[in-house]
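Going by the order they are written in, the chains are A, B and C; count residues from 1 in each one.
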């Protein structure tokens, strides 16, 4: 019989009684604030159709690369976890069998944020009182499966129960946003908006880039044969995304490189890129140029710009070939910002009307580059601890390494950045707790007055995200 | 009505009562030690003329790039803060209006060291009991303005009240050191010395380099037309600086690159540099060569050498054009030491008589390169947490990442490195508190005996700086 | 009279009473577990001959580069410490005189792990109650010298007293392993095994590489004139090392670069390398290719592979010329893994049967590259905090920066990596205490249940090393 599943009310607060008391007081002020989720990857179809989620495995394991990468790292084949292959090769299809495999290996998640998020979901959403392990696997599966059929666990009901004020999804300019349209038409009061992620049409190395450009042309009536027409097409889609609620764009490039080519050079580069046989250097330069073009468009249409560079995508060649993108094989790289962003900053760095949020997977840039840049340029803000760093220690390092140089007000609150809808409150709760614990320490060390910490805690939990993303 | 301004006697000590008690005991031993300030940027004219400071704004805001960069980052124009333009364009001139703008935005400094330093000055120097914010702006301005006229707040009186044993300023070899001469002639007992910073005459990319070399020639009677004459001129100025009290030199290069060219190659390089159209690579090589030459001169004349590389100066082109250097737009870069310093170390690494203090803005080099280098080479010492890292968390990371490899005795105590004279005791106090809190933790964890920690605390606060800088 | 030498039972546990209680409970569970030492540099001759150690100085100072580098960094000449010269120049030979010099400078080790290890040895092994300093130097020397003659302090007796379950030494393929043979023949029950470190025969820049290849040929009866014959020779030596107990190989390259050349290119490269005048780029490529070849061999013979790149060996040219390798002048460099390991991972990344343990001296790669890589690839595991990071703060940073992404089970427990035999229990004790203190914090913050922490603590102290190294 498995041990009790505990969600301690003081979790993530320091052991010291003085620190803990302050953290509790701060947390009390912010724990019930609505959730603002300005950057994420949930599926708008869920909210459009409001159908029950199929089963625990398809909801919690198969789509979560945090989960299956850890099992894979310890020798559990992805196929045995039901991760769909793109080459048609067989994968496990029995959800209960996959769930049991997961339960047997659940101890691997000790110390990881996935464990914190999942335990929260098991206890807070499903009311389970025992720990997940081999001997409780079936009990879990049955309990979850049963509850997932109830109305209370449908997407819209959860959205409301979760007190989500606004939730942004992320779509390609090639998406017709039919589910966002349908949500709007439905009369449902939940605010689900899109965000504009143009990687597939601005990165020449993206799979299917040429086809993507052709499709962009079809969608917009622009030929996209010239740089001007292409920029018009991108701008037109931005306009459409704005109508579907978008307040931001999102750019996931390998590096933070920006460029500011003169028009003739940009046109020639676009011609080479369209040709389909541009060099890696051309591809990099084109992405760089497009960041600056996107900034120019943002200055016009007011969309907040997000840049998160530095991931070597699909590092595992064999896994990519068999299973495709986003299979837990994206590995961070050392990332330069100080030189990379300069062309864009030379052009727009002083624009208070423009807002660019920069993320990193390379923590060495927090104190060395990003906090000094965000603490100087009006146009720059610092995105929160991101991806692998969306974790208690990751967040602590983020605050410790950025606050003294950039302050709190050049940061933008929390992003859950997730497709794991059920865990959204768990993730915001971790962030709120960690920030309160962090602030508690500074209050206890008399580096911050408690009344100021209360204001800051509310801004970190709610106000900054709302203002930074114009929500 | 604004809240109380608190300077808690236990500030910066850990919350845990055991840790705090030890920290208090250690701090009691060091808090009243005299201030040794071996590296800074105060104006010697203040001590030569001993005139009252003009007003709060010209004293605390306009010259402090830590302060105005933060306001600028949040959209407050530099011109509205009275930062003087170099292109003659208009800037705000009403000091009270600027002060009010500062007060309204003072909350931006929450969590930054500027806030700690300023609050200390407001309370300890001016005796103010309320927090600075919009509604206390005028009260502050009036209180400060009135007190600044008193004799007790003149530069020399403050110097004595602050218990400063020695204060080093920093001057270019082109400076005639008239104010240092006049301080010496005045009979005043305060020890204000200069330090030799040759960047304007050894960095071919420095503004006005050619004119600077010409001026160097005039000052020394050397033609500076050949490398030998140029080196003689530099040496002559070092001699003069020594007469004005200098015990150190200071080198602020973009990288830590050193070189050891043979004489003929160095002469040819100097000829290209003098020409005024050397390449960036030549400029870098010349700076590199000059670090090694400076080390050779230091071995002769005994001046301690300081190297602090790694800042991309004047990163914001528009701000540089309108407002000039040192406007909060110097951004750190990733910095290599292990390869860069090798030519110099191959020549002088084993010289116990030579002392080179290395600083960094790239914290990744603390444990990876600098502590191992300083923990091996007799010639090297580690400068303290510098610039953006001159902050409580920055100092903690410095100690945590360097002590286990380099020990305490390959470090050199604290540098305030500031032009903000009023805040010098505040800065030393922060450093002393943070070091005591750090030592307290190691004592509490039984990694250090308390009697040893007492000795170390005094060395960190006073002894190491005095010995390392030969004061 | 020197102060008391204290080894507090709670050392390295946090001050907070709650944290400390949990740490104590965890530590109680692991403190008496046998020592598994899968990677180290003790001399197998000690265990073969079981002769008494000669004197305190030859045992504790002369062979320990952690110790003499620190003294050297503060101006104590290596010659005065008895470090043997390779150029025949005179060095101090009086062990007592050297010991006194060490004692006078013992304060330099405050805050370093050497101090923790040495104090443990002084108190736990030799029963000394006073601190080492100038006035206790002779007392120490006499006490140690006397006890070293006793049977209880012979190598085998200490091995047993230390409760060492298995101890791996490290040898070159050129070693005939005579001492390992003699240990096996002796009937002694102590398990001392070798590990295969082929750097001298796979790194073209290693001193004497050509002679080493010739010797490899002699030992194996392979000509080594072709790539195939050379690989056969390496494989043959691996087989012999396996007979002498080896379960692992060990690769100390300047970088983590791997390559996967086609056979023809590899043969041509080997021909250039054999020639003796290959370029630095060829040398790097050859090392890179050999890592992949070693992985292929490991897949065949089951030896676990260890890669620890990133040290600039023998950085101090003058010290290297006079005193040779391993004189405390190996300085870490920034190290890339994400690109460097890709060729090897493309070939073997998914092999669950192969196990590659990666170490680093560049802590920036912990959270950025190594934890994400180890948290994905079945073939990769993370080695413990290594060398300069084998220290309380170094270990804390390791856990804080790797656990949330890689979990605990992609790490491999502790390595003492030492030639300082007497300090082995001290080192394992530090690691066990630091891990328990780390786990205690997570338990206190309710991020881990205490029953889970108990299991993890035992795995970190014992189980993971045993399983990862197939012991």
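Here is the rule we use: a contact is a pair of C-beta atoms (placed from the backbone, for glycine too) under 8 Å apart; a residue touches a chain by one contact, two chains touch by 3 or more.
Quantities reported herein were computed from a predicted structural model and do not represent experimental measurements.
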{"item": "Count of contact steps on the shortest path from subunit A to subunit C", "value": "1"}
{"item": "Proportion of interface numbers common to subunit A and subunit B (over half same, under half different)", "value": "different"}
{"item": "Centroid distance [mean C-alpha coordinates] between subunit B and subunit A, Å", "value": "40"}
{"item": "Residues of subunit B touching at least two other chains", "value": "14, 16, 334, 364"}
{"item": "Residues of subunit B defined as touching subunit C within the complex", "value": "14, 16, 18-19, 334, 336, 338-339, 342, 345-346, 349-350, 352, 364, 367-369, 371-378, 380, 400-401, 403-410, 441-442, 444-449, 451-452, 456"}
{"item": "Of subunit B, residues touching subunit A in the complex", "value": "3, 6, 8, 10-16, 69-70, 72-75, 107-113, 116, 131, 312, 315-319, 328-334, 361-364, 388-389, 391-394, 397"}
